[in-house]
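The following blocks contain the structures, represented as structure tokens.
Next come two complexes built around subunit A: one with subunit B, the other with subunit C.
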Partner chain A sequence: MADIIFYIIALSTCLFAFLTVASRDVFHSAVWLSLTLLSVAAIYFYLDAQFLGVIQVLVYIGGIITLFIFAIKLTAKIGDKTIQQANEQALLSGLAAFVFFIILFKMIALHPWAELQPQAPVFSLEDIGKSMLTTYVLPFEFLSLLLLAAMVGAIVIGKVRK
Partner chain B sequence: MIPLGFFIAISAVMFCIGIFGVLTRRNAIAVLMSIELILNAANINLVAFNKYLGTPDGLGQIFALFVIAIAAAASVVGLVLIIAIYRHGKSVFVDEYNLMKW
Partner chain C sequence: MMNLLIGGISVVGFISLSAMFLIWLERKISAHIQNRMGPMICGWHGSLQSIADSLKLLLKENIVPSGADKLVWSLAPFFVTVPVVMAFLTVPFSKTLIVRDLNVGILYVASITSICVLGIFMAGWGSNNKYSLLGGMRSAAQIISYEVPLLLSIVLVVMEAGTLSMQGIVQAQEQGWYVLKPNLAFAFLIYLISSTAEVNRVPFDIPEAESELGAGYHTEYTGMKFAMFFVAEYTNLVVVSAIATTLFLGGWQGPLLPGLFWFLIKVYGLVCLSMWVRWTLPRVRMDQMMTFAWKVLTPLSILNLLVSGWWMVR
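Our next item is the complex of A and B:
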């Protein structure tokens, strides 16, 4: 039963990801991207990372997709359907991506993955919070600095100059 | 139980689809969306390895949290840049951006 759920999640992730890059309308792309991110959140739940799944839904679908839709609607005047959405290198880059995938897949298939079994979670959400504020406090603080810099930068760049 | 290789295979598929999107899409916003796909593929790897190798303090999940936050910051700045360029040059298509071309 759990296996069937995994296969459904895997198939929907790949399908929605493909539709994200393949659909002509950019707004449709954004909707497919939100479904892809939801499937990735389902993968997180499947892997016992509940907190990360919730964060994925909150930050990505609640925040980033909204921003994407805002940006699409702010630039919508030239987003109509008659405009070409893919460039001339589509065939070549598709081939390149496919060859890269084949190489990756061969490398993955070489390794004996069956030896590794999933571990029971030895840490809880509490442990993640604790280690984030003790062991990994330096990257955490740098991250808050980065977010502040991104916010200020976005305001400065987006400001209308007279 | 599902072996770890399946998760890595999903991640590889998402990564290659994202690369295809970055290379082919003309709309800069769609290029940013493909970059989000690539970052999510990396996150799946981190969480899957964390589950199967059993790191004691959930290092993979913490790292994935950092990646999510950095992706949010990156896409905010990227979208603002696209809107600023659109205001300046009336285009969102990357092959029409020639502001910094010599």
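Our next item is the complex of A and C:
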């Protein structure tokens, strides 16, 4: 039963991911991408990583996809169906992706996987919070500084010059 | 597994009934505020009006505008309705009546309801109509802006309770409701204002302002698709009231009556408050609303957070 649910989620993730890159309309791509990210969140929930799943939805759907949609809305003619989707290197990059897939597939197939099912580590939200503000405080602060810099940069670019 | 299934089905039943009841209640309250009678023909004081309306909506033709982006247009109602239903997963109706008490409960509700923005914008974009697009655009901007003070006021409750679980937050209020503490009462006020904006109700209903946009993002929808938007709107109102009840008003706690009754009394009390506000206040302008979110509510809630944090570690 649980396996079937996993396969449904995995299949829908792949399907939506394919539709994201295959659709002609950039707004459709954004919609399919949001469904892909939701399916990934479903995998996290399925694996009992609820915090990760919740953050996935909050950041990617609530933040990034909304940003994408605003960008699409504010860019002139981006929704035009006549815009060319692929450039002349499509075949080459397709070949590279296929070779990469073969390598990954080989590595996964050749790896001697342990038969027993490892238990997911039990953690509490307090642990995550504490480690973020003690062990990993430098990367955490660095990221917030980076985001601040990006925000200031966006405001400077977007400001109307007088 | 079985428990989850039963819980899910009961939640869907509760949502449909509650939305029908609330639509009738809203019409009656608005009528009495405006010195009218409201629906009177169907049943006692028009109490069967919503059932008649749903039958009418079921029988209506599903009109697809020829210029619409069909895929986006038909997916949009689901993007609005499904997250609202899913938000009920962690709402504690009573001590035992909760579908599942996640340890990230309140964060889960906040994240899942953020999908609604996408649905509303998709409806506006897919309709391929200037007014709908304007409505969707305004709505997305409004919801994103008011999410900041909303989440900041929720953070204060989480700091006070020391847990994200909805049942944990209710149990932490055994000594006294959070609304009785001064800093949390302030957060409650901010939450109420921002949640009114989140559910697009007057005085913040400019996404669907009838007089300027002709109902905004759902102008082009008919029949059951329109009904889905309508139900989602009223269910969203119940969701934000249920969260306010859980976070600030002690959830299902109360003397004498069983928990479920207390919970429903508090939730519908807040819903009635929202209806009272809706039919009393005029609509604000778009720029006034954005200014209020970013220059008044957000700084105030950050200040509240800082002062309360200082008070807690003092």
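Here is the rule we go by: the second predicted complex is superposed on the first by the 152 of 162 C-alpha atoms of A that agree within 3 Å, B and C clash if a C-alpha of one lies under 4 Å from a C-alpha of the other, contacts with A are read in each partner's own complex, and residues count from 1 in each chain.
Everything below uses one rule, namely that a residue touches a chain if its C-beta (ideal position, glycine included) is under 8 Å from a C-beta of that chain, and two chains touch if they have at least 3 such contacts.
Here the structure is a predicted model, which means the values were calculated and not measured.
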Joint occupancy of subunit A by subunit B and subunit C, clash or fit: fit
Touching partner for A:His111 - first (subunit B), second (subunit C), both, neither: first
Touching partner for A:Val54 - first (subunit B), second (subunit C), both, neither: second
Most subunit A residues touched (candidates subunit B, subunit C): B
Touching partner for A:Thr13 - first (subunit B), second (subunit C), both, neither: first
Contacts of A:Ser34 with subunit B and subunit C, given as first, second, both or neither: second
First (subunit B), second (subunit C), both or neither touched by A:Ala42: neither
Which superposed partner A:Thr66 touches (first subunit B, second subunit C, both, neither): second
Superposition-derived minimum Cα distance between subunit C and subunit B (Å): 14
Footprint overlap on subunit A, comparing subunit B with subunit C: 51, 55, 70
For the subunit B and subunit A complex, residues of the former touching the latter: 1-10, 12-21, 23-27, 29-30, 32-34, 36-37, 40, 43-44, 47-48, 50-54, 56-58, 61-62, 64-66, 68-77, 79-84, 86-87, 90-92, 95
Subunit C-touching residues of subunit A, taken from the complex the two chains share: 1, 25, 27-28, 31, 34, 38, 50-51, 54-55, 57-58, 61-62, 65-66, 69-70, 73, 124-125
Parts of subunit C lying in touch with subunit A, wherever the complex brings them together: 1, 69, 71-72, 75, 102-104, 107-108, 110-112, 114-115, 117-118, 121-122, 125, 133, 137, 140, 144, 147, 164
Residues of subunit A defined as touching subunit B within the complex: 2-3, 6, 10, 13-14, 17-18, 20-21, 26, 29-30, 33, 36-37, 40, 43-44, 47-49, 51-52, 55-56, 59-60, 63-64, 67-68, 70-72, 74-75, 78-79, 84-87, 89-90, 93-94, 96-98, 100-101, 104-105, 108-109, 111, 113-114, 116-119, 121-123, 127-128, 131-132, 135-136, 139, 143, 146-147, 149-151, 153-154, 157-158, 160
